[in-house]
Amino acid sequence: MKYWRKPLDSDRKKAPHGNVHVIFERCKGCGFCIAYCPRQVLEVSTEYNRKGYHPPVVAHPEKCVNCRLCEALCPEFAIWNTLDEVPSVE
Amino acid sequence: MNQRPRGPVLTGAHYLDGDHACAEGAIAAGCRFIAGYPITPSTEVAERLAERFPRIGGTFIQMEDELASIAAVLGAAWGGARAMTVTSGPGFSLMMENIGLGVMTETPCVVVNVQRGGPSTGLPTLTGQQDMMQARWGSHGDYEIIALSPSSPQECFDLTVTCFNLSEKYRVPVMFMMDECVGHMTEKVVIPEADTIDVWPRRWYRGPRDKYLPYAPDKDGVPPMIRAGDDHRVHITGLTHDARGYPIINAECQQICVSRLTDKIRDNADDLVMVKEEQLRGADVVVVAYGISARVATKAITDARKKGIKVGFLRLITVWPFPEKKIRDLAGKVGCLVMPEINLGQMYREVERAAAGKCRTMLVPHCGGWVHDPEDILKAIIEGAK
Amino acid sequence: MNPNQLLGKRGTADAHPMEDFLRMDRMPHIWCSTCGLGTCLTAFIAAAQESAIPREDIVVVSGIGCTGRAAGYLKYDSFHTTHGRAIPYATGLKVANPRLKVCIISGDGDLVSIGGNHLIHAARRNMDLTVICVNNFNYAMTGGQAAPTTPQTAIATTTPYGAFERPFNIPFLVDSCGATYVARWTALHVRQLTIAIKEALLHRGFSFIEVISPCPTVYARRNRLGTGLDLMKFYHDHSITKNFASTRECDIKFQQDIVVGKFVQREEPTYLDAMDAQMKKTLGAKFVPYVGPMDPNSERTKSDART
Amino acid sequence: MEIKVSGFGGQGIIRIGMILGKAAALNDNKSATLTQSFGPEARGGACSAQLVVSDAEILYPYLTVPDILIAMSQEAYEKFEPELKEDGILLIEEDLVKPHPVRGHIRQYAIAATRIAEKLGNRLYANFVMIGFIVAITKVVPKQALLDAVPGTVPDRLLQKNIDALEQGFVLGEQKLAEAK
């Protein structure tokens, strides 16, 4: 069961904005981060890393809300978020 | 009457059997953790400690089996306790895997084996000396071990302390190879004043915390130790490892790791070997024995001397590392080495090997269940003197 | 719930925040791509930080197998023991130094098969340990043999025609043996898993968490279940959260719904509490509580012997 | 001196050997080695304690030819009597052992230890009756050495009862000895 609603205080509260960091060579290309990013920030890269995997690329950096789910799911400690000082307005 | 409070060390003269004396030895050595599983004829040691420990600040845990007992002992040793477990043949077999882990991770602890007749369930209430080779070779892989064997309840006390000391000094599980006869034999046991008992401390690491390498040895080949919980963030593994304790799965690391584990015992054999020598000079025959067999052999030796035979006596207190040099030296000087043991030839193989054909060697075997008839040992001495 | 609070400290632009808690000189770890074990480590590290337990007090013990390697990657005092013996080893550590928070991270084969006896006895004693059992339904390290958790009909190398033995329902097993905290989550439920590990670490008594985790290389492949990502998607669609569900109802059937949640949380005297109480009761003033471990700075054994 | 105490498990056979040995080793400046053998049964199985007492260090700890045999069951009597030295001392539990004609120069004395113990309130005191009896007749240890050895071998609350039993055995022993002369 899924539904999305617009938070009542969305006009006052700004969603935080995060920066996604990826260590390209550490990734084993499982795709967990891409599949479960709630904001579809990530996409599969076309490039290979040295191990022959396709790490994620940050395709839509502006969409990141710093939820850190990619960081929590990554089995390789290859992706993480930092909080942007200036929250973006969406 | 003003009675002195009873301290941990039971100083004074007591009438104790070997099992109870061993328990008191453990207390005197500073052991405050024992994990065990009931098995005849060793249970008295655990029972006595279960009764004594809550009165002196020790902790006893009865585990679900011997696999668990030895694992808990290894864990406790790394937790910072001086730890011991007690068992007999079948339980000893179950402990073998983790004795290997103890060797590999250089964990000080004492494993007491009150031997009974085997194989399998064998003779639960009767004696044997049939685990001697298992003590040395029972776990898989190449390793060296220390094992001592007592001949009297007094030695059950004294040598238990020595076992702990050696395990701390060399960071290796030490096997205390008792047998049912010694374990259930009661004699006067004199326990010294606590201050006079030599208890060797653990080889604690005292350098800077972040510089600690769990397997970087001191000059004598033995690395210093830490205890869990002191923020050294060590990794301890049964895999072949480097000085950091990290697994390195290759032949080079195996060579360094395993040869140090064996060399630290082999190179210090002179320090480890304890024997009692009696009338070896000019002897035609020397009886080599250990444990209860050594006690029984004394009668045969006395009788043989009455018959005018020049018999020497070499009693092995350290059984592993095997007192090879002693035997080799003797072999060049005497006509025959006679070895009674309550098995069909275990330590005898070592005697034979060390003698290397330089003198005759004679085994006086016994399947277990009882000690030798001294007459049989006497016959061998007479035969050996011919 | 602020999710940020469940992830431990934040990273910087240069470094992943978990690096300080991992033995980075041992990375990359040996686990396959799309294996869930790395995710479990992240949850563990986050929970350990969130618990506010001093880092040096946390000790990790593992057995043998893929999950058995966990201890080797976590930068805590960590012990990689023999197959099945992590729990008794941990018991020794805990009893020898009750200050320690001893956690076992090991696999289903290690903990429930070869170590099954130790598992049930530690639960029975309510030994104050935290057990994280990563269940991937097979022996992965050795190539995918059947485990006591392999669901019926699943293919493993030793059940080439489909498993037919009944598998263990592990939460039910440990619950019935006396575990006082029991939960099950999947590797996908990172937030809930982190909360559960944190609760387990702070729980007094035997706490047990089963983590269903994908084994892409041997279990999934042999059963044509796709990659680990496909299994994560399966967990997403087929996990049913039922907190405090009866553990009896938590059987896992091949590719059917998985009941997850926190099943048990109760207060009972731990092994050490019970020992203490009983000794005080029977020995009274004669009871001398365990002296604690030897102190490297002033080893107590000698002076101890003199008292 | 070699002493064999025999009977069945539960009679306190080992404790007899234990207390005699303790008295000799700790209170009489002698060496005393106690060895035991028992079956797997906790109660009722054949049981014996062997005690060697000597002024010198005991090298060989086992019995060769017992000087003294205490038999508290028929089975033990049948089994061990033939081993007894020709001029040894044989002590038997009167109600439980029906002896054969005395062999050689053996001196044989009987005591109803169990019956006496039951009169004292519990048949478990039988071994202490026997201990007193043994010491009175064989003089293996001085009486005071024996009395000093008792504390610590039985629970404190039962100490006096056991001493009473011991005393009764001792008195009876002295009587039997006097009668025999």
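By letter and in written order, the chains are A, B, C and D; residue numbering begins at 1 in each of them.
Here is the rule we use: a contact is a pair of C-beta atoms (placed from the backbone, for glycine too) under 8 Å apart; a residue touches a chain by one contact, two chains touch by 3 or more.
All values reported here derive from a predicted model rather than from experimental measurement.
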Requested in this report: Starting from the mean Cα coordinates of subunit B and subunit D, work out the distance between those two points in Å.
Outcome: 36
Query - subunit A-subunit B separation of Cα centroids, rounded to whole Å - result: 60
Query raised in the report: Centre to centre, by mean C-alpha position, how many angstrom separate subunit A and subunit D?
Result: 87
**Report entry** Touching two or more other chains - residue numbers and ranges from subunit B
**Finding:** none
Requested in this report: Could you tell me which shape the graph of touching chains takes: line, ring, star, complete or other?
Outcome: line
Query - Pairwise chain contacts under the document criterion - result: A-C, B-C, B-D
Report summary line: Residue positions on subunit C within touch of subunit A in the complex are 3-4, 6-7, 10-13, 16-19, 22, 27-29, 31-39, 41-43, 46, 188, 190-191, 194, 227-229, 232-233
Report task. Using the touch rule from the top, collect the residues of subunit C that touch subunit B in their complex. Result -> 23, 25-26, 55-57, 59, 61, 71-72, 75-82, 84-85, 87-97, 99-100, 117-118, 121, 275, 279, 283, 286-296, 299-302, 304-307
Query raised in the report: Where on subunit B is subunit D touching in the complex?
Result: 13-15, 17, 40, 124-126, 181, 184-188, 295-296, 298-299, 302, 371, 374
Query raised in the report: Can you list the subunit D residues touching subunit B in their complex?
Result: 17-18, 21-22, 25-26, 31-40, 58-62, 149
Report summary line: subunit B residues touching subunit C in their complex are 7-9, 28-30, 32-33, 35, 54-59, 61, 63-65, 67-69, 71-83, 97-98, 100-101, 194-195, 197, 199, 201-202, 204-206, 226-239, 246-247
